[in-house]
Amino acid sequence: MSFTPLGQGIPLIDQIADALCARAPYQVMTYDSPASSPMPSLEALGEVMSRLRAALFPGYFGNARIAASSLRYHLSASLDSLYRQLAEQIRRGICFTRAETSSACADCCDLAQEKALDFLAQLPAIRDLLAGDVKAAYEGDPAAKTPGETIFCYPSLVAMTNHRIAHALHALDVPLIPRIISEMAHSATGIDIHPGASIGPEFFIDHGTGVVIGETSVIGARCRVYQGVTLGALSFVADGSGVLVKGMPRHPILEDEVIVYAGATILGRVTIGGNSIIGGNVWLTRDVPRNSRIVQQQSVDSIVPSGKAAGDIMTGFGAGV
Amino acid sequence: MSFTPLGQGIPLIDQIADALCARAPYQVMTYDSPASSPMPSLEALGEVMSRLRAALFPGYFGNARIAASSLRYHLSASLDSLYRQLAEQIRRGICFTRAETSSACADCCDLAQEKALDFLAQLPAIRDLLAGDVKAAYEGDPAAKTPGETIFCYPSLVAMTNHRIAHALHALDVPLIPRIISEMAHSATGIDIHPGASIGPEFFIDHGTGVVIGETSVIGARCRVYQGVTLGALSFVADGSGVLVKGMPRHPILEDEVIVYAGATILGRVTIGGNSIIGGNVWLTRDVPRNSRIVQQQSVDSIVPSGKAAGDIMTGFGAGV
Amino acid sequence: MSFTPLGQGIPLIDQIADALCARAPYQVMTYDSPASSPMPSLEALGEVMSRLRAALFPGYFGNARIAASSLRYHLSASLDSLYRQLAEQIRRGICFTRAETSSACADCCDLAQEKALDFLAQLPAIRDLLAGDVKAAYEGDPAAKTPGETIFCYPSLVAMTNHRIAHALHALDVPLIPRIISEMAHSATGIDIHPGASIGPEFFIDHGTGVVIGETSVIGARCRVYQGVTLGALSFVADGSGVLVKGMPRHPILEDEVIVYAGATILGRVTIGGNSIIGGNVWLTRDVPRNSRIVQQQSVDSIVPSGKAAGDIMTGFGAGV
Amino acid sequence: MSFTPLGQGIPLIDQIADALCARAPYQVMTYDSPASSPMPSLEALGEVMSRLRAALFPGYFGNARIAASSLRYHLSASLDSLYRQLAEQIRRGICFTRAETSSACADCCDLAQEKALDFLAQLPAIRDLLAGDVKAAYEGDPAAKTPGETIFCYPSLVAMTNHRIAHALHALDVPLIPRIISEMAHSATGIDIHPGASIGPEFFIDHGTGVVIGETSVIGARCRVYQGVTLGALSFVADGSGVLVKGMPRHPILEDEVIVYAGATILGRVTIGGNSIIGGNVWLTRDVPRNSRIVQQQSVDSIVPSGKAAGDIMTGFGAGV
Amino acid sequence: MSFTPLGQGIPLIDQIADALCARAPYQVMTYDSPASSPMPSLEALGEVMSRLRAALFPGYFGNARIAASSLRYHLSASLDSLYRQLAEQIRRGICFTRAETSSACADCCDLAQEKALDFLAQLPAIRDLLAGDVKAAYEGDPAAKTPGETIFCYPSLVAMTNHRIAHALHALDVPLIPRIISEMAHSATGIDIHPGASIGPEFFIDHGTGVVIGETSVIGARCRVYQGVTLGALSFVADGSGVLVKGMPRHPILEDEVIVYAGATILGRVTIGGNSIIGGNVWLTRDVPRNSRIVQQQSVDSIVPSGKAAGDIMTGFGAGV
Amino acid sequence: MSFTPLGQGIPLIDQIADALCARAPYQVMTYDSPASSPMPSLEALGEVMSRLRAALFPGYFGNARIAASSLRYHLSASLDSLYRQLAEQIRRGICFTRAETSSACADCCDLAQEKALDFLAQLPAIRDLLAGDVKAAYEGDPAAKTPGETIFCYPSLVAMTNHRIAHALHALDVPLIPRIISEMAHSATGIDIHPGASIGPEFFIDHGTGVVIGETSVIGARCRVYQGVTLGALSFVADGSGVLVKGMPRHPILEDEVIVYAGATILGRVTIGGNSIIGGNVWLTRDVPRNSRIVQQQSVDSIVPSGKAAGDIMTGFGAGV
């Protein structure tokens, strides 16, 4: 196969390149980074996450051939590399945010180091939380054969591993990086948890596709949610000039041992009392006392007698696309 | 670990291979391409998309180390490579479609070149549209800290970048390739926009998982939709012999500044008047005038007093799976 | 860019490593595999799936340059490699499950070989089923231009290829591997079908994001479902000590030619009679006779006259997050 | 680390690019290939050689896990791929040569296919020759522990495998490709055998670095040479206008069972009679009868009493560099 | 570009495959390995060598970013991985040798582990030897600017690192692997040192191409050799039936502080006395007392007055090829 | 295959690691680089060389699909990347040299940029020199079919491309990098040219294995050398304390149009007059007037009548190893 040469197309390429370099929208769309501070590297953060997963679940992820007896060697070496890699990505995140807000960058390097160490020191605690999430997944799904299967296969554990890590970094005021880590899990699982969300121990999300948990959500211990659940905002607050006020508490609080079934939507800063159950597809915008069971009002579905008449050109009714 | 040799298994492998080569369903399942026209390469299209992303958002994607001062060099070189790579994939797409419909293929190469150039000439306009989408994302999400964060992290920008590109190729009657590009974004974000959908400037999709926007949808300026929104068909039209008529307008029209909240479903060729708001989970199959606010009828949820009695074997009620 | 050396940070790394090696939760989170039996390799299973896809859809996937005339050579060689690769992964799956349940492992290798061969012998039948799924996709979607396009681009075919394979392995009592294969499709498409689900010929899932089909679901011939459909359990059965009973039939049965539109939820061991249509967003927990059409009760949406008053700080109402 | 932006350097880059595109030497140094015929791919030829090595020495090279019982499957598939890959590279070689000589290229594709098949048909004979070379290596080197060790480790087998293949292609008048294959071995082993050289069965080169065997050399059965041996030309013949006449027989003939020790140089179209031995470092430019032993005239080396006097500034005498 | 399908070529491929599977030479050329013991992996051994180089010369090779303060972590982890990787390759080497000699293989695994550990315990001693070789390179070459430059760039250090490692493995009776390691250096540097050769401290080879040092050579302390030097055998000893006796001492002994200049050839079990210098191109087959300087007898080269007569068709005389 | 766990081996690994971290030889063998200045990257320099080769010989190397019409785009972009990549490697080289000599490093970055630009400005001149080397290769080798073949296949062009580049960098006082570039060619071709050697236009090295050209060699126009030629030093000059004086002129001068045949050795600061021919294996340590032909004194080889008597245990005489 052979294309004829561009010939008079070449001026065209010059024209396109010129147009793309023209300033107006170019400026918005371009990150003209300081030479030493490119955007964080998704590839490097992918490696950071792989190392973290291997450190948190040895034998399940990472070098499968490392015997328990020599795990300690590899853990130390990996933590040391992690420290360096994560600090570099945090530094880039800080520089990026400062570039966008025109702040000076003299201490970015030291700051990044400090935050990376602070984060690593929390790894044992994060591991404990994830152990609880494994337990919750195994006990919460009748299809789970062993706890190990949930570690290795379940989207809930992918999402929660990323969230527990992203949340710890978010709490350290690390910019951008937590969001990237959350989006990695969102893309892989369809579960979208904002790094700011506070989630208690032994949390389990079954199936998970379409779950959205907003920035200021607070979830207690031993809760469980299913696919398509939204913990969202009911409204946004704008200031006098119409600009959205950022960071206001605007998402639900679930107390301990709340279960939310598939497709339910809970909106606004409402509190779902402990030990409550929210049924599937429920739409909820108000507080619920402890020990409640909320079910969707039984919709009286019409049953239409089917009759595919010869001349009937309507073949469906619903949400075919 | 060592497997004993297959021994008498070998005849089995021959039998399986024979069965798989037997004609009947084999013919349907096989693309016996002309030697010079294999299926489009997903890997090559992935590189095309990476180059496009780098050309549209320099500094954010692509070679992070390219200073603004030398951007022009790299842009020209990349556009030239893009032209060649994209033309080749378009050619494969055309040949594939013609092979399926037994059309001749003499001019596929010239045609592909022409379409690739026509597309590249639209890049500056596509860039302008995406600049509007960035603005919409930043302004529409209280959790967004900077516009750059939305470029780098938000599924909405992934989906819209792919859609703006796929839509331009679709408008040039390029077969197959636009659909592949849409599916790439669908797989990464859970947002499924048909390349045929017409979407105005400053569009934002928050969270996005489960969004479906059908082939003949028309969306005005400054609209916003949330996760789980469907803009679908209510029915399909079949011809006299029962075969679906393809390409008929069958999806909704959203006029300017319409907001559709999470989980809402709008079906059929209905028109949602400008400046309207469709509440979460609303199910809508009729026209709506300008400036409307449609909310789901408040479902009177039953509150059932919870009581986990010792002998109770029902542990949940909802959509556990 | 240069980080100052860790200095006194080093003791910190030692402390973190010590804490991570401390036993308590460590034991749960660690797979201390027998040296010869690490966890199954996701990379190897990815290659197994690529080979299977190439064997089932020659010309569409795999080496695009293989002419039909020499297909037979490559098929035999690939089947032979597949046998070996799949047997090894099955073996690891068996060893993992036995390690978790402390069973002996002497015959894992022979068992794995036997199951791999049994599976390969079903490939022609799987191919026939997939040919039907291609037909269903082409006929069921007015946007599909050719059957080949559905093979190459449609998430439904990705999900059904993985499911037909995972289901066959599940029926052979292969542990863990079927689940991994299902999750691969779940992550790529947002369609979550449990390997145990029994699905008849000519099945089509349009768009698919958010579809969940539970372990004991039974689906007849020529059914079709849309995005966001759940075939789930209404409740779980626990034994006397509160432990979930695993494997009980608890998901719906769809008879032949049932269509379920987007967002519908069908829960429990109910039977949807043949040739029925379940409308979008319907919530269904009871049996439905043959030839029924179930539609959501038309919700009487309130239309609220919009009026963005100057001082109005509420900018949305719905499920913004 | 951060470089200051190029600033005024950019004009410099433009100037360099302009100078590099200026025609004069540019034309000599540029291969302005027809679009469909780039230079042969070294990477593709590397893969061709790997496949050939795996086909000729199964179990030693290529997929180590292929059991003998299924070798036949993989051999057929690999030969089919080889046919295609090699034909493509041969085609490129033909096109390149014709481009340099301005010949037409209409039949390059057919010609390349024909030559690739002709070559593959010789593989069994090439294998037989290499079996003899393995035997010669094992019997000729007291340090060789097993024949297999010579296949796996010995530069002689690398060089002879490439040579036997390159020679067969050269005999089929394939341009360029044989030379590339020879240079691959030359770079890896330091053994430089021109593809035109005719070498009989059971040939062994020990150590090999620096061996040069010229284009028109003829070597009989069961010969052996050591490192640094040259079989070269004594003079070149020029035509009336001073241009070298190409292809004239100008290198030595070794009859059967000749041994040439390290560093010996044999120049010109001389004949070394069968069963002769040429000693190390011998310089030979004349015929030698059968059964001769040629040794270097014993040089009467001076022995100089050593005495490193304090003021002596000469620390060596020889070929320090 | 498109090849016409093979058509009737297919039988040809079958014929070639049949011929290649025919037994006679097939058996010699095939390693029909036990399933669990393929040939050693050159790729894995390459990684072993990279790890060893990084452990021996930290900062020069391996992860350049590892600060001295955390070197200890990475060293332990790398040694642990090395142990496992090297043991596996040694095991394969033992199995291969036993397969060739039909010995049983029950203890290969334990034996390999033991030898790998024995080898690792010698690493500090090997490091000390290499420190001496670095010193010798820096002091012996007037072109060397710093010792570090010789570590990073000099072929002598490549060759000696591989040799010191291969020699230690050879001394532990590890089969095959030492030879492979030697050939790696031979291919990269043109320096061919048999793993059996015994070389004292502070050895330096300048330039090195073409150097051959035979299996039973013994080299004292502080020796130096230049490119093209051969320490070879003068004759081989055969047993009554004409089979070469393997392992007999047959190569030279160099005592301490001997220098051998470029191209010199020393053959047979001769002893070169300490502090001697062997001049370039010398051919030596007898003992030399201590403190000798051996120079090539000054050859009385003829000077032929040049005269390129018009009709002269001889353009060179020498070793053009 | 499974190794028993290390058990008591672990203390051994700790001991080895401790020994390897012990200071004495450790200090010599370790490059404790400043964090921002690791050793130059061989991989990055490999890419630099690939870009340079593609810029110097477009169509032969680099992206084969770039049409001449768009070459200018790619050249500019590649030069810009080259500038950055090369500057970074030069900076590392400078830092390394200064670290070894304890000099300060404040201006390394600026200096490296300046040298990289100075080098790039010489590319057109380097291209002209290489055009002459191509001409010389084509005209000097009767086996060369086209000039393009020598560009693509000949070791001489590999060696000269690297040398012309390394020599230019050496002339700019760039440390370390030129040497690395030379060694890359040395390893690939067996031709060892010191970056300091000054070589005139139209130089050709045939075969090349074993050629050594020393640091202070000076070679005129249109010279030609064959494999195994050494242009070396006869002696080194030491200062009063016995340390070698570095950089003294100590290698030969070849005037224009000198030919040196295979294996010849020319040592010391001697001058070979223009238009002279040095015969193969000649050993030369004195000046030679213009127009000379130097041939090796015809050695009177003994011809020993061969007679392989039954009991003869000597099977060879020469340089078998």
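So that you can tell them apart, the chains are marked A, B, C, D, E and F in the order they are listed, and the count of residues begins at 1 in each.
To be clear about the criterion, a contact is a pair of C-beta atoms (placed from the backbone, for glycine too) under 8 Å apart; a residue touches a chain by one contact, two chains touch by 3 or more.
It should be emphasised that the depicted structure is a prediction, and the values quoted were computed from it without experimental measurement.
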item: Starting at chain D, fewest touch steps before arriving at chain E; value: 1
item: Superposing rotation of chain C relative to chain F, computed on C-alpha atoms, to nearest 5°; value: 180
item: CA centroid of chain A to CA centroid of chain B, Å; value: 21
item: Chain centre separation (chain A, chain D; CA means) in Å; value: 57
item: Separation of mean Cα positions, chain F and chain B [Å, integer]; value: 54
item: Junction residues of chain D - those touching two or more other chains; value: 1-6, 13, 35-36, 65, 67-68, 70, 73, 76, 79-80, 84, 143, 190, 194, 207, 209-210, 212, 214-215, 227-228, 230, 232-233, 236, 244, 262-263, 265, 267, 280-281, 296, 316-321
item: Sites on chain A touched by chain B in the complex; value: 1-4, 6, 9, 12-17, 19-22, 25-26, 28-33, 35, 38-39, 41, 96-97, 100-101, 143, 175-176, 179-180, 183, 186-187, 190, 192, 194, 196, 206-207, 209-210, 212, 214-215, 226-228, 230, 232-233, 236, 244-248, 250, 259, 261-265, 267, 275-284, 288, 291-297, 313-321
item: Residues of chain C touching chain B in the complex; value: 36-37, 55-61, 64-65, 67-68, 71-72, 75-76, 79-80, 83-84, 87-88, 91, 109-110, 113, 117, 120-121, 123-124, 127-128, 130-131, 134-135, 139, 142-143, 145-149, 151-155, 188-190, 194, 207, 209-210, 212, 214-215, 227-228, 230-238, 244, 251, 262-263, 265, 267, 280-281, 296, 299-307, 316-321
item: Residues of chain A touching chain E in the complex; value: 1-2, 63, 65-66, 70, 73-74, 76-81, 84
